[in-house]
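Two complexes come next, and they have one chain in common, chain A, joined by chain B in the first and chain C in the second.
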Partner chain A sequence: MQGRNPLIYVALWLLLSLLTLFPIYWLFIISVKPAVDLFTTPSLFLDVIYWKNYVNVLGNETLRGYMLNSMIISSGNAVLVTVLAFMACYALSRFDLAGKENIFFWTITNRMAPAAVFLLPFFLLFTQIITFGDWKLYDTKIGMILLYCTFNLPFAIWTLRPTIDGIPKELDEAATVDGASTWQVIYEVIFPLARPGLAVTLILTWVFAWNEFLLAATLTSFNARTITTGLSEYVTTTGTEWGAMAAIAVITLIPALIIFAVVQRHIVAGLTFGAVKE
Partner chain B sequence: MPARADFWSDAGAKYKGVVLHGVTESTPPSNYIKDVLAPEFEKKTGIKVQIETTSWDQMYDKAIKDMEAKTGIYDMVYIEQDIIYAYLARNFLVDISKSLKDDPSLKAPEFDETHFTTFANYFKNAGGDLFGIPMEAFIKVYLYRTDLFNDPKVKDAFKKETGKDLAPAKTHEEYTQIAEFFTKYGKDNGMELWGTTAQAHTGHPASWYEFFESIAPTYGVYNWGIDAANNYAASVENGGQMNSDKAKAAMKYWLHLRDIAPPESAASTWTEVATTFAAGRVAQGLVYGENAAWIASDAEKSKVVGNVGVALPPTEPNVLKEVEAGKGYLGYYDGGAFGLPVTSKNNEAALLFLQFIGQDSVQADWAIAAPRITNTATYDDPKVIDMDKKLNGYYTMLKDQGKLFAGAPPFPFHAQVREATAPIFYKILLGEVGPDEGLDQMAAAAEAELKNLGYRK
Partner chain C sequence: MRSNTVGWLMLAPTIAILGIFGIIPFIYVLYVAFHQWNPFGASSEMIYNGANNFRRLVFDAEFLTSVAFTMKFAFFAVLSEIALGYLLAQLFMREFPGRGFFRTIHTLPLIVAPIVVGSVWRLMTTPSIGIIPYLLRSWFGYDLNIGRDATTAFALTVIMDIWHWTPLVTLTLLAALLALPKEPFEQAQIDGANRRQIFWHVTLPMIRPAILATVFIRLMDALRTVDEVWMLTSGGPGAATRYVGLHIWKIVFPKTDYGYGAAISVIVLYLTLVMCWLLYVALVARRERKRTF
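On to the complex of A and B.
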């Protein structure tokens, strides 16, 4: 660093920030342009801001329903996955399980095939196999919450394990000596220390579920349809409604941005926690 | 049978609590069903209708999965006239005519199959029974910019350059000349203007369809060049037309247009050509009629409102006469219907809804909201006549000359043959194979696939 002009670093960071933020800026530009201007010469700047895309999207009751569904499904899935992953990682870290490394590796195999491979089996499971009378998992929020565990849980286990492994076992032992039960150790010792890792797991899982399209498009219809699948309504034979789609995309970015902003420091801590063992 | 004061409430009473589910493509006519007709039907009958609108590929994916797996999710599915033969071959659909004959108590007094335009014929089986209630019907027309075609400065320039008066083209030669003129005119004058659209995506079926539905027939090559009556021959060698001289001439004509069309044409499907036209980037083009209304009248989406002329697609000399004599067609009659899957768990209630959307009384407002006409009486409605003026006679053309257009050939193997030949077609577009050689290869690939499917013996 010594002898280098700090302005170069500032300029570099500015350039990187611009490159990173440009797609979002461009998305916003599309969302506030009338359709008629989208296919003429593109401009980086706006003469007039056209809010009607947002008014139409936010005024659409069906879309608001999709948004609520997405919120419920991704939040439900994130919480469930984080809890299960926390338990799994604790077991893998602290108990002397036979073949635990194999188990750990096996969990990730669920993510090795593309989601499309699972579509038909899940469709049959949801419509014909897991049924209780007339009730089916198809087109239900609970079905989608459980479904996303298939893909998010392995990821969460792999994300969270370094965090749990990074918490010294001596702390468990000390708590046990002081009379704590296993659940007390988990809740009062491990959980507070693992918070940054849990936050990362929770958020990334939430984002994955929030953004998922393929499975939701096939396994939901009326009651559990998510906002990403709602976007496909704007791809029509009379034109793709880019403005409305961009407006929805901007709106869907907002919850994720808020959550990231709130827990940003946990994310940084969580991503580095356990990376270096002392 | 005693006359009923209110058929719908009486008929609906039996199905109280039933919720009908339908899946359809997100189009203006479908959205009208979802937003207007379904709530009206619920009000009259007490039967709730939920319509899922989605993209074209998702719509088929969901409907076919449901019917194949017999899950009974949907009570109505959207069917295009190019897939109905495949559905009929697999016994996916309820025979609507027969069902209403078998149970007259379900027959709505206002519903009459004979009130549909001839487009309904695409949804009938060989015996004439109806398997889908038509809900969309458009023709792919030749749109041109009246402001440009009537501009004295442009007319003078055209006359000076070609020695001819500028008017909508009737032949391919005229069309090419006009297209070349406007592309040059745009370039010379620093305008974002080209002479023609081209639905020439290099990796999407839309380009394949543009060639076989819209271009090849205007050269006298019908039904994709496949002769079903002659052992499904596709190649000239075996009696087909897919690689005939006419088909090769059509391909070269279209490739030339593609080369002088706006740069986005190589990535344009049926929607983008409409957007290109609406953005005022072309002087003329072949555009699906479902887009004609918004291009001509929706100022929020179109820069050419009030300046859209409608004409028949240009043809080779004699082809129009051939078509008028009933020996072929000169463009695409596109559209869809609502069918009732045999796997539906609410067949009877769904039959009521299908009749509801097929009545004459709901058609006029529907035609105003979306440019589609499926019942003959709709043309005479004052509201529709008024709309026709705004569309420069599009509805009149549909009424009077719709017979010159045709839907998809009655083949149950649409997707298979398209997919077998499309890779070669895209190679032609990419210049990796010449048009003559490419069409020869496509004809051979089509015959091989037809043999593989058991059609060609």
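On to the complex of A and C.
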């Protein structure tokens, strides 16, 4: 555990980073090449950077709208999922509920459904079953936020539960003895200790919702259209506009990257606050 | 003790949402699975045909090979991701300059949408224009051709999956490692345990739930992978990378044989379920027994 020179780790990570970054670097390279150059002999570096793809994409009002939709849907979904999963995991971990292990297992089965076939029932649910007068879930942000719970909520519950289980029960018992209510136990004992796990859950569910493609492509048309769907519009029957597609892809990486960088710090903060100490 | 009503109330929203968006569609798919239905065909009527769809898939060689390929793919991908992810999570537990920075870098593949991942890997590996075949040829004289060689195509889908999803494993295991109490480790060290003993008797039992959860998530996602593999290989060459998700896709979309697709989906769902359930019982039952001591 100790005694190894930290520089060895730096060197190792530099090497690993090259492997990790290469496909992303290549995505960037594709995005700054004119279409004709894509199909010539590849080279690792570029002499000329061609920004036109970015200008086109950023100048496109529809795409900007899609990006805003994506932002609202994935943030809404991530917050909703993390709150619900935190509550569910607390209940599963601290209460003696009948059949709770079966409920726990049942949640994950919602992530197992092969998407291709479930699209049609979702479509019916969105256009015919859940309707209130003229209002229906189809092409609404709230619909997508709720729908993404089907694969994100099980994920969140399953990744968060070990963290909550890992917080010693003696801590809440001690707090209860000191006169804390259930709410105070959750807020003042469990929440701070579970923060690293919560941060991981929050970013990952955000990213999964941000990247989802199939459901968004089927269940939205304009008002809730997301950017991954916009991106796929560049894959057409007459050929793929790789440059524009890569440019959108690079742009969509940026908010995710910012969120990662911000939340990353909370995970590290969790390192000092979150270490469970008696 | 505290009232269990609070516990149920905390679970209620989760059960409600998953109930509506999980159970209703599932019942619908189950219903369709017992019918012959081609909603976009000449006759769009739903005709009840009993268990014919299920009988048909037992003799569907394409389906059976796609299941075999999917299992192989899931096995190699998930095993490598767990091993590699654990190692990397441990590396991130050490103190070294730039740790936060490298952690962000390492997490980057996760934020790339699957459809983009597949596209980029395809552009990088297509024989005539890809940078990887080009470099392999000019540096090592090795001819990489995923359009022709089934094994290479298969390996490449596994490598792409490892590239994309190892960061997820690293993150979940890192969160678990960070949440561990320090005392058992200090105690073990005082007792003179070596690294291997600490791993097997202290770390592993404590993070087993996290590993289990991660294996589950990765396994079921690997079993239903569609967009990435579709973009990279389109299921080829031949049917070497036509994983079961893709197979269903092809039946439902170009062929619009919805009843049969539903039947396959139900079976795949059950296969996944049974596999995960067995894993769960084997591993969790063991943990619960240990706890009673």
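General observations
Heads up, the rule we're going with is that the second predicted complex is superposed on the first by the 247 of 278 C-alpha atoms of A that agree within 3 Å, B and C clash if a C-alpha of one lies under 4 Å from a C-alpha of the other, contacts with A are read in each partner's own complex, and residues count from 1 in each chain.
Quick note on the criterion: contacts are C-beta pairs under 8 Å (C-beta built on N, C-alpha and C of every residue); 3 or more make two chains touch, one makes a residue touch a chain.
All values reported here derive from a predicted model rather than from experimental measurement.
Overlaying the two complexes via chain A leaves chain B and chain C side by side, clear of any clash. Applying the stated contact rule after C-alpha superposition, one finds that A:Ala35 touches chain B and leaves chain C untouched. Annotation: apex chain A, arms to chain B and chain C, angle 80° (C-alpha centres, rounded to a multiple of 10). Looking at the shared chain after the overlay, A:Gln128 reaches chain B, while chain C stays out of its contact range. In the overlay built on the shared chain, the residue A:Ser232 is in contact with chain B and with chain C. With both structures placed on the common chain, the touch criterion links A:Phe95 to chain C but leaves chain B unconnected. For chain A, the partner that touches more of its residues is C, with chain B and chain C as the two candidates. In the superposed model, A:Leu12 lies in contact with chain C only, and not with chain B. Minimum Cα separation between chain B and chain C in the superposed model: 6 Å.
Counting contacts by the rule stated earlier, residues 38-41, 120, 124, 232, 240 of chain A appear in both its interface with chain B and its interface with chain C.
Across the complex, chain A is touched by residues 21, 23, 25-28, 50, 52-56, 58, 61-62, 65, 69, 71, 73, 192, 264, 270-271, 274-276, 278-281, 288, 290-291, 294, 299-303 of chain B. Interface residues of chain A facing chain C in the complex, by the touch rule stated above, are 1, 4, 6-7, 9-10, 12-13, 16-17, 19-21, 23-24, 26-27, 30, 38-42, 44, 84-85, 87-88, 90-92, 94-97, 100-101, 103, 105-122, 124-125, 129-130, 146-147, 149-150, 153-155, 157-159, 161-163, 165-168, 176, 182, 193-194, 196-197, 199-200, 204, 207, 210-211, 213-214, 228, 231-232, 240, 242, 245-246, 249, 252-253, 256-257, 260-261, 264-265, 267-268, 270-271, 274-278. The touching residues of chain A, counted against chain B in their complex, run 34-36, 38-41, 52, 120, 123-124, 127-128, 138-139, 217-218, 221-222, 225, 229, 232-240.
Put simply, chain C touches chain A in their complex at residues 1-2, 4, 6-8, 10-11, 13-15, 17-18, 20-22, 24-26, 28-29, 39, 88, 91, 94-98, 100, 102-117, 119-121, 123-124, 128-131, 134-135, 163, 167-168, 171-172, 174-176, 178-183, 189, 195, 206-207, 209-210, 213-214, 216-217, 220-221, 223-224, 226-227, 244-245, 248-249, 252-253, 258, 261-262, 264-265, 268-269, 272-273, 276-277, 280, 284.
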